[in-house]
Amino acid sequence: MSGSLMGKVFSVMNWGESHGSAVGAVVDGCPAGLSLSVADIQPALDRRRPGQSHLVTQRKELDRVQILSGTVGGVTTGTPISLLIPNEDQRSKDYSNLESLYRPSHADFTYQQKYGIRDVAGGGRSSARVTAGWVAAGAIAQKILHLNGIQITAWVEQVGDIRLSIEKDSVTLAMVESSATRCPDTQVALLMEQKILQTRKQGESIGGIVRCYIKHLPVGLGQPIYDKLEAELAKAMLSINASKGFEIGSGFEGVKMTGSAHNDIFIHNNGRIETQTNYSGGIQGGISNGMPLDFAVAFKPTATILKPQKTLDLNGQEQTLQVHGRHDPCVVPRAVPIVEAMTALVICDQFLQNKLSKL
Amino acid sequence: MSGSLMGKVFSVMNWGESHGSAVGAVVDGCPAGLSLSVADIQPALDRRRPGQSHLVTQRKELDRVQILSGTVGGVTTGTPISLLIPNEDQRSKDYSNLESLYRPSHADFTYQQKYGIRDVAGGGRSSARVTAGWVAAGAIAQKILHLNGIQITAWVEQVGDIRLSIEKDSVTLAMVESSATRCPDTQVALLMEQKILQTRKQGESIGGIVRCYIKHLPVGLGQPIYDKLEAELAKAMLSINASKGFEIGSGFEGVKMTGSAHNDIFIHNNGRIETQTNYSGGIQGGISNGMPLDFAVAFKPTATILKPQKTLDLNGQEQTLQVHGRHDPCVVPRAVPIVEAMTALVICDQFLQNKLSKL
Amino acid sequence: MSGSLMGKVFSVMNWGESHGSAVGAVVDGCPAGLSLSVADIQPALDRRRPGQSHLVTQRKELDRVQILSGTVGGVTTGTPISLLIPNEDQRSKDYSNLESLYRPSHADFTYQQKYGIRDVAGGGRSSARVTAGWVAAGAIAQKILHLNGIQITAWVEQVGDIRLSIEKDSVTLAMVESSATRCPDTQVALLMEQKILQTRKQGESIGGIVRCYIKHLPVGLGQPIYDKLEAELAKAMLSINASKGFEIGSGFEGVKMTGSAHNDIFIHNNGRIETQTNYSGGIQGGISNGMPLDFAVAFKPTATILKPQKTLDLNGQEQTLQVHGRHDPCVVPRAVPIVEAMTALVICDQFLQNKLSKL
Amino acid sequence: MSGSLMGKVFSVMNWGESHGSAVGAVVDGCPAGLSLSVADIQPALDRRRPGQSHLVTQRKELDRVQILSGTVGGVTTGTPISLLIPNEDQRSKDYSNLESLYRPSHADFTYQQKYGIRDVAGGGRSSARVTAGWVAAGAIAQKILHLNGIQITAWVEQVGDIRLSIEKDSVTLAMVESSATRCPDTQVALLMEQKILQTRKQGESIGGIVRCYIKHLPVGLGQPIYDKLEAELAKAMLSINASKGFEIGSGFEGVKMTGSAHNDIFIHNNGRIETQTNYSGGIQGGISNGMPLDFAVAFKPTATILKPQKTLDLNGQEQTLQVHGRHDPCVVPRAVPIVEAMTALVICDQFLQNKLSKL
C-alpha cells in the first residue's frame, strides 16, 4: 500500500532509510513559475540536521540537497521536483549487535513482525533521518506560503516540566534561533538547556512540547469533512517521530471551560472580522477563520538512552541493551523545523485546494 | 476537491446535511462474503442518535438505516454499499433568523467565506448529524474487526474537571452503557451527570474527554511513514465535530517522564512478546505492537448555549444571539459511539492494508 | 479496494446494482455557487434510460433522479452532492434459472470467481443500469463545462459495417437526436436502423462505434505524465460496459501515415494559434491544444442474444442458454449519452485541476 | 495536482526530464521479502535504452539504474524503493534554436501554454526518456508477476501497412528479441526493417502497432467499476508517448461481428473452465477470466522528422523547422519494453488489490 504519500494537490512522496545511500522526496503538484534553487531549501535542512549545537546528536551529515528535476533556469516547470540528500555517514558502523535485539520503544519489533525483515542500521526507515525529505519539500511549500504572506513559526514550549509562557504573537524566528533549545525566551531557554544537559549526564532522556503558530492565514483553508484543516495537521504531526499528542486552540485544558467562556465572539478589527479570543485556535468547522492558527505537539522522551536496559532478542531470550555514543537526550529542539515543514506541507496543499472551492 | 472520502482500501464517502432529505455514506472496498443486514448497523445508530437520555438533545430522529446496494441475500458482494438514513426532522423549523448571523465558535462564518453560500438549517454540513453516515459505515468495519477478535471500547473519561481513574482493561460495553453519561464507573458517572445537568440549568455547556481502548489488535497495522497508525487515528479523531485534541499512550503528560521510565520493556507473557508498560499506547514506529491501543480525545464545550451572546451579522452589525430550545450541554456522552466508529474505520482499513505487507 | 471512485478534484463515487432498490452516485468536489436542480440532470437520464425507441430495451424505468444533499435553494454549497435514482423494475422477475448458469461473454463467471458470490438479478453490478449514476453526475459536470463554453457531442459513427462519413464540426445535438439510432445523417441513420431491426429479427446482436467531439476546449487540460488527458479519457471509455477500444485523432489508421503527412502544422486563425490538420485529435503531450478533441469508442455486439447458446453451469455441466424477452440488439444508440457523460466527468475534473498549474 | 502517480497498492511516482541530471521513479507499496537487485532491473532498461540497433536513435545513454532505498541485503523491506538513472547525455547540445519554436505535433506549444514555461532541452518532461523510470519500476512488478507464473510478452505487430499474422500463443521473448524490429516472425521482421530504413532515408517517419499478450493470468483481477482491468490498461497505454489507440480482444474490428459469433462459449479444458474463443481478450465485466489477456496499442509516426516543416515561433511568426541528426523513424521497436513495463505495473497493482476481494 502507498503509505508514504502526503498531500493531494501538493503531493510529496518521501523515501529513504537512515543508512542507505540517500534520503529524498518527490514533490508532485508544485505550480509552475516558482523561482526555486538549492538556496531556498538548504537553510531549512541546515536547521534540521544533527550536530548543530552541543545539545544534539553529533552525527556528521552535511545534508546537501540536490534538485534533480522539475526546474529549468531556477524556475519550477509544473513537473515533479525530485529532491535528493546523500547520506554521508553511511553504514560506517557495525550494527550487527542490534540485529538480534528489540530496542525498547523503538520500531525494531513492529517492523520485524510486519515485514519479516528490517533495515537494522540506524533504525532504517524508522529513523528521524527520513524527515530530511519532508523538510526539503516543506521548504518549497514555505516559499509558496511566504509569497502569500503566510508565516509559520514553531518553538519549544516545554522541556520536561519547564514550561514557557509567552505572548505568541510576539515570537519571531530570530528569537527561536537565538538559543540551542529553540525556546524564544532567554531565561526559560537557559533553564531548559540545563535540564537537557543534566538529563544527558544521567544517561537519560526527556520529552517536550513544540508550539506552532501561523500568522496571516487566509479564511477558507480546509475541507468540512473529512479533510478538516485540524485533522490534516493532526495527522501530519502524529506522523513525526516520537510525537504522542496534538491539540489545537484550547486543547485538553479547554474541556474544563464553559461554553460562554470558550466561545470566540466575533468582532470588528480595522474592517476585518476577527474573534475576541482564539480558543478555536484559528479553525471553525474544519476551515481556517483568519485568526492565528495555534497548536501544540507533544514529544516523548527519546527512546535511545545510555542507561542499560533489559530487553528481548529475536529468540525471545532476555538481554541487556547498552548503547554507547552520543544521542539526543531531548528531541524537541530538532523537532521545531520538522513541525514547521510538515505544517507548511499541509497548509500549502490546502491553500491550493481552496482555489477550487467556488465556481 | 474530494475531502469527504476516508480510507484507502476500506473507503467511505460521507454525504449529507443536517436538514436535507437524508444523510448517508457509501462504503467502497468491503470484502465480499460478509454477512450484513440492517440489524448489524441499526444498534450503532441507536447509540448515536439524539433523544436517548435526559442529558442530550431531544431532536426526534429514528435514524433508520437503509442498505441500498452491495449485498445480496444478506451477504456483501464486494461492490459499494450505499447506506441511507432519512432525516425525519427535516426543515421543520424557521432558520431565517440565523441566516444573517454568525454564531460564535460555529462554522457559519468560515463556510460563508469559503463557499459564498451556506446551508443555514441546523448547521448544514457542519452539524454533528453527518456523523450518522460514519457510524453506519463504522458498524460494518466493526463487524469485520469482531470476526478477527478485535474489540474497540470507548468511554467518557472526563467531564469538565471531573476525571475518571479506572483499570482500562476492565471496562466493558455494559459498564459504559449503564449510565447516560457513558462513564463506566457508577460513582463518577453520577458526579458527571450532576455536572451536566447543572451546566444545562445555567444555560451553559462544558467539555470533556473520551478514552478509546482496543484489545486484541494484531501486530503490524499501520504504515511507517506517512500513514502511521496513530497519525490516521489522530486525523479521524480531529475530524469529529468539537474535538480539540488527541493523545496516545503517555500523551501530553509523558513529556515530563525520563526515557528509562517511559520506555516499554519487552517481556514474555504466555509465549507472546508483550511490553511491561504501555506508554507507547500500543504503537511503535507507526505500527501496532500487539498491546492495547490506548488514546484520548478532547472535546470543547458545546458552542450552542442558551445564554445570550454578542456576535456580528453578515453586514458586520453587532447583534445579540439568543438560542432557544434544548441542546446538548456536553457532547462527550454522544461522542462515544462516534469515536468508536471512526476508530473502527481506521483500524479496518489498516487491517486490510496489512494483508499486503509481505510477499 | 476503492475501485468505484472516478476523478481527483471533481470526484464521483458510483454505487448500485441493476435490481437493488436504487442506483446512484456521490459527487464530491463540485465547486459552490453552481445553480443546480433536478431539471439540470433529468434530461440526461431521459436520454440514457431504456424504452425510448423501438430499437432499444423496453424495461420500464422512469429514472427519476433525487438530489439528496449538496445544494440549498437550488445552488451548490461545495459539499457532496448525493444523487439517487430508484429502481422501479426491481427484482420483479425470476432469475433463479440464471443463478447456476454462466452466460457467455457476460460477467457471471468472473464475478463468481472473484467474489465467491454474485447478484444474479439483471446482472447486478455488471449491468449497464449502473451507468445511470455516471450520467446523473455527468450532467453536473456538463453544466460547469457549458458555463465555460465547452461543448461535447457524441454520435453513432458505425453499426456493423455501416459507417458514417461526416464533417464533424457540423454535427449538432439536434441532428444526433433526430433519429433513434443517434446517427446524425438521416440517410445513414436509416440504413443503421434497418440493420439493427434485421439483427433483432434474427435473434442476434451487432456492434458499433461512437464518435465523441469536443469544441471550444481551452488549451492546457491534462497532466503530462501519468494523468494525460487522452489516458484519462481512454480509461473512462474502457470502463463503459461493452466497450472494446479507444482511439484518438488518427488512431489505428494513422499508423500507416508518414510523419510529414501526420504532423499538425501550426497556423494562425483569427489571432489564435491552431493547427492545419488535427491528426493529434486535440491533444499533444497529454495536454489539450485548443483544437477539437476527437476520439472514437468501439462497442462489441451485445452479449445477450435470443439465439440458444451452449454454456456451462456452476457444476461445470454443459447447458443450453435460452434467453426470452426483448434486449438491445445494438448498444451504441444508448451508449451515446453515456460516452458524453463520462467525457464530461473527465474534462470537468481536468478543467478544475488545470486552475492549479501556474502560481 | 498529482498526475505523476500510477497505481493504488503498487504505486509508482515517476519524475525527471530528458536532459536534467537524472530520471527516476519511487515505488511505494512493493511487499517486503522480494529478492531484488540491480541485476533484476538493468536488463529491462537495456532493452529500452537508445542506441541498441541500427534502427533507433543513437543517443548515448548507459541507463545504469541505482537502487537508493527500500532493500537491505538484496531483499525488499516494504518501504519505498527509490530508483535513479543518471542522464549522461545531459544538456550537451545547444537547444536555444528550439526555445522560440513550436515543433509540430510535439508538446512544445501545450506545455508553454499550460505552464508559461517549458524545459526545451530534449523535450523536457515530454521526452520518451522519462519512460525509463517506468521501465525500471516495471521490472520490479515483473519479478512479482513471474513468481506467480504470469508471463507478459509484447511485440511489433505492424509497421506502416506491413502487418504480422501469427499464432499469439507461440510467441516467445527470444523470437521478439531476434530482430531489431521486435517482430517475432523473421520474414515479416525483414520487411518491417526495410520499411523503417527506407522511411529514414526519406527523412520521414512511420507508425506502428504493438501487441501485448499475457499468459497464465489468474481469474479475478480488476475492479468492476470504475477501475476495470481493461480501463486501467487503456489508461496506461495511452499515457505512453506517441500512442493513439488501444483495443482489447476483438477491438475495433469486432464491431462488425454478430453476437453469436463474438460470444466466447465456456468449455472445459483439463478441469479448468476456459472459453472456446477469446474475443473478450481475457476480460469480462472488467475482471480477468483466466484466458490470455490480448490487446493492441497504436503508435503514430514519430513527430521528429528530418524533412523541413513550416511552423510558428513564440511570437507567432512563420518559421521553417529543420532538424538534424539521427532520430527514431519508427517508435514501435523501442515501445515494446515500455508496453510490457506499463502492463506489468497495472497487472501487479491489480494482482495485489485482488487479495482483498474476499473476506
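A, B, C and D are the chain letters, set down in written order, and residue numbers restart from 1 in every chain.
What we mean here is this: contacts are C-beta pairs under 8 Å (C-beta built on N, C-alpha and C of every residue); 3 or more make two chains touch, one makes a residue touch a chain.
It should be emphasised that the depicted structure is a prediction, and the values quoted were computed from it without experimental measurement.
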Tell me, which chains sit next to both chain C and chain D? A, B
The pair out of A-D and A-B sharing more C-beta contacts is A-B
Relative to chain B, the most remote chain by C-alpha centroid is chain D
Quick one: report the Å distance separating chain A from chain C, using the average Cα coordinate of each chain. 46
Gap in Å, rounded to a whole number, between the CA centres of chain D and chain A: 39
When centres are defined as mean Cα positions, the distance from chain A to chain B in whole Å is 26
In chain A, the residues touching two or more other chains are 1-5, 8-9, 14, 29, 32-33, 78-79, 111, 114-116, 125, 224, 356-358
List of chain A residues in touch with chain D within their complex: 1-5, 7-9, 11, 13-17, 20-24, 26, 28-29, 32-33, 66, 68-70, 72, 75-82, 84, 111, 114-121, 124-125
Touching chain C in the complex: which residues of chain D? 1-6, 8-9, 14, 102, 104-107, 109-111, 113-116, 125-126, 130, 158-161, 199, 202, 204-209, 219-220, 223-228, 230-239, 244-252, 254-268, 273, 275, 279-281, 283-290, 298-305, 307, 309-312, 316, 329, 353-354, 356-358
In the complex, go through chain D and note every residue touching chain B. 8-9, 29, 31-34, 78-79, 144, 147, 224, 352, 355-359
